Amino acid sequence: MKRIAVFPGSFDPITRGHENIVRRGASMFDEVIVAIGVNTTKQSMFSLEVRKKWLVDTFADLPHVRIETFDGLTVEFCKKNEATYLLRGLRNGGDFEYERTIAHMNKALWPELETILVFTDPEYASVHSTVIREIIKNKGDVSQFVPTKVNIYE
Amino acid sequence: MKRIAVFPGSFDPITRGHENIVRRGASMFDEVIVAIGVNTTKQSMFSLEVRKKWLVDTFADLPHVRIETFDGLTVEFCKKNEATYLLRGLRNGGDFEYERTIAHMNKALWPELETILVFTDPEYASVHSTVIREIIKNKGDVSQFVPTKVNIYE
Amino acid sequence: MKRIAVFPGSFDPITRGHENIVRRGASMFDEVIVAIGVNTTKQSMFSLEVRKKWLVDTFADLPHVRIETFDGLTVEFCKKNEATYLLRGLRNGGDFEYERTIAHMNKALWPELETILVFTDPEYASVHSTVIREIIKNKGDVSQFVPTKVNIYE
Amino acid sequence: MKRIAVFPGSFDPITRGHENIVRRGASMFDEVIVAIGVNTTKQSMFSLEVRKKWLVDTFADLPHVRIETFDGLTVEFCKKNEATYLLRGLRNGGDFEYERTIAHMNKALWPELETILVFTDPEYASVHSTVIREIIKNKGDVSQFVPTKVNIYE
Amino acid sequence: MKRIAVFPGSFDPITRGHENIVRRGASMFDEVIVAIGVNTTKQSMFSLEVRKKWLVDTFADLPHVRIETFDGLTVEFCKKNEATYLLRGLRNGGDFEYERTIAHMNKALWPELETILVFTDPEYASVHSTVIREIIKNKGDVSQFVPTKVNIYE
Amino acid sequence: MKRIAVFPGSFDPITRGHENIVRRGASMFDEVIVAIGVNTTKQSMFSLEVRKKWLVDTFADLPHVRIETFDGLTVEFCKKNEATYLLRGLRNGGDFEYERTIAHMNKALWPELETILVFTDPEYASVHSTVIREIIKNKGDVSQFVPTKVNIYE
């Protein structure tokens, strides 16, 4: 049976921390689906098209990494794609509590779903999309925090 | 002197975690007042009437549990009701920091008020109203997370 | 039914933090048993007699606070004393994880036993017996950290 | 070389915790700039003028504490003022994770910038501007949480 | 390539939490090696033979779970067994910090080694070998905390 | 007035994390005293002479960093050396709770003493002397975790 993992997020924008987790996940699973959650109530800084393009470009060298968009519950998206693994990166203790809550509730909704966690490598552990957006708003340079294929000001 | 405890919250909706804490509190105190905080600036998913009905139905078997609504400061509500105990459930380390801040500030405002904490039983420790609302928005089944008297889609 | 709480510890020596919790517990429960755990494998700095005397002196003004010693499991001591409450103080996030583990395992051993937590008042939250012993070993002055009835160097 | 530190915040309103950190910082550095961040998207409770006046009044006795306002990135403000220190207070474990993220990202943006942390003194560690605003909205008395020069209801 | 994971520990004794993690790991990896670390300086409560027998009995139904003992560094044991995954269970925030430290240092020693974490299911999250040993010393009943094949007092 | 900071520890052995903090502290203070605490009850892996030599060699390029040994309370050592700053590195949330306790108790013992914290740079945040000693015991290579001047196996 194929081992398929979903790596969900809003990727607004994708960070080097995200890239780090996906690349490591790509060597663990037969397929990794990077799934951009479409949240109609939360305004994103970058359009869905741009966010998707950055993901596609960043993982162009990995044939078994697929970029998708989804709305609705993450567990439903996983079921539909026969993905029994949810891949998540842990940066710090704050992430921990949040991820555990979500993992336990997802497992309650679909017991087959296993949440797999890896620690973000230390050099990326302080990279947060929220802070990156703040820097962008103030015209700062974020190139060291995002993958090389991401060109914020193009 | 009667020992009266207030268990405040928005209960949007009540969860099995809330039920767990109130039932345990009911055997500790002479009276437990479940107090729905009315926050005029935060939009709730369920109307005050529905939230109150669910609480009334859930605790119908406990005569010394009373359901009330309040606006303003929790400490003022406690004073008015001669309740010197504030009952709170601790799920995880994230709750801890928040609860301590609130408890210390409440005690500064009214030194007689004692905040009493119990650990949410493990099976309910990952149940959060926020996540439940997210599942409801996406038409998922939340029946295992809310008390049996709560019928979300009726 | 009488509400009896046990406040267990090694009290080597009793701190102002311990005193703070017991005094607050004394106004919540009909009886508080301060229970000195006798651990035959861990060497204490002060003899059981001295530790007990300090507790007796410190709570001499509270007739419904009783000082006892016990060995074996805390839950067994609680059962024997018909104490269905275990009183604990929470200082910080490190305490939190430890207390939750112990509370859940105690409840598994005796489901009637309810662990009740209160936050140590801020001015005592950094007072630890371990650090006090370290200061004593180095002949420092610990009088501000222990109850006034405790005379370390007498 | 003059050691200049920036203490940034929104000070909506200034708390005794803020005052505590600035006074201690004032004895460590040759100059402390208390910098009110102007955030055009977040609505403040008090006007910039009022917030600035309260800061000026509170630190009127400290000639080397200067009150400034800024928009844009904190690191840019530091650079422009030749301030190589960012002064921050740590209240609890929740602060810790947030401060570390910000400190690491700031250092990545400007490696000369050193974030210096001090623990808020215990009696102020539970004082949060957010909770103070909540109390003010409900007409409660916050005088014990803010510096004596701050007159909320004047 | 075979995906081999090592689940190291002292298993003194094995708990239901350990069993939970190994069973879930067994459905993720082609082989799981449960590796009992032999620590010559730390005295164990149960002999290596007994601990190994309990593990063998508990996982007798899982042909691709192998029980081994090792001394020396965990990374060396992994290398020798061509195991590029280290499987770990996360119970709480205290585990988190410890596991991250070990994971990062292990990765520094052998960059191929990937630490994979799963959250212990809620009902087992408070089960610790240390507390179990304490209960055993005091002749308490630990049968609900250990796998059914483990007979402590036989 | 000269700003003197003490950086206390057992340095058994010194790590790159320690080096990181001292070098950064050296640019903040007029003098940094690296103080090796002599603990007569805890057995160290390396002799006091070796630990001191490694510190002297590592900071030979920094004339205002002084290496000293001390027994007794840290605050007494600070007083004797007219050092009103205690410099500490924060790696993670576990460090945080411990450091806060010690800082508050030290301040209670000597109110002039200010504890100054900096975050360990991310690449060193998982480096712990305890784990390094474990690797050394098992003949592993720790050269990437200790300063270049430290030759463990010479």
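Labels for the chains are A, B, C, D, E and F, by order of writing; each one numbers its residues from 1.
Operating definition for what follows: a residue touches a chain if its C-beta (ideal position, glycine included) is under 8 Å from a C-beta of that chain, and two chains touch if they have at least 3 such contacts.
Since we're looking at a predicted model, the values are computed, not measured.
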item: Labels of chains that are neighbours to chain C and to chain F; value: D, E
item: Selected interface, A-D versus C-D, where C-beta contact pairs are more numerous; value: A-D
item: Repeat of interface C-F, chosen from A-F, B-D or A-E - more than half of residue-number contact pairs shared; value: B-D
item: Maximum centroid distance from chain F, chain identifier (CA atoms); value: B
item: Intercentroid distance (Cα basis), chain F paired with chain B, Å; value: 47
item: Inter-centroid spacing, chain E versus chain C (mean Cα positions, whole Å); value: 34
item: Multi-partner residues of chain C (each touching 2 or more other chains); value: 92-94, 97, 100, 103-104, 122, 125-126
item: Pairwise chain contacts under the document criterion; value: A-B, A-D, A-E, A-F, B-C, B-D, B-E, C-D, C-E, C-F, D-F, E-F
item: Interface residues, chain B side, partner chain C - complex; value: 3, 24, 27-28, 85, 90, 93, 96-97, 99-100, 103-104, 107, 114-119, 121-122
item: Contacting residues of chain A [partner chain B, same complex]; value: 72-73, 75-76, 93-94, 97-98, 100-105, 108-109
item: Contact set on chain F toward chain A in their complex; value: 92-93, 122-123, 125-126
item: Interfacial residue positions of chain F with respect to chain E in the complex; value: 92-94, 125-128, 131, 134-135, 138-141, 144-145
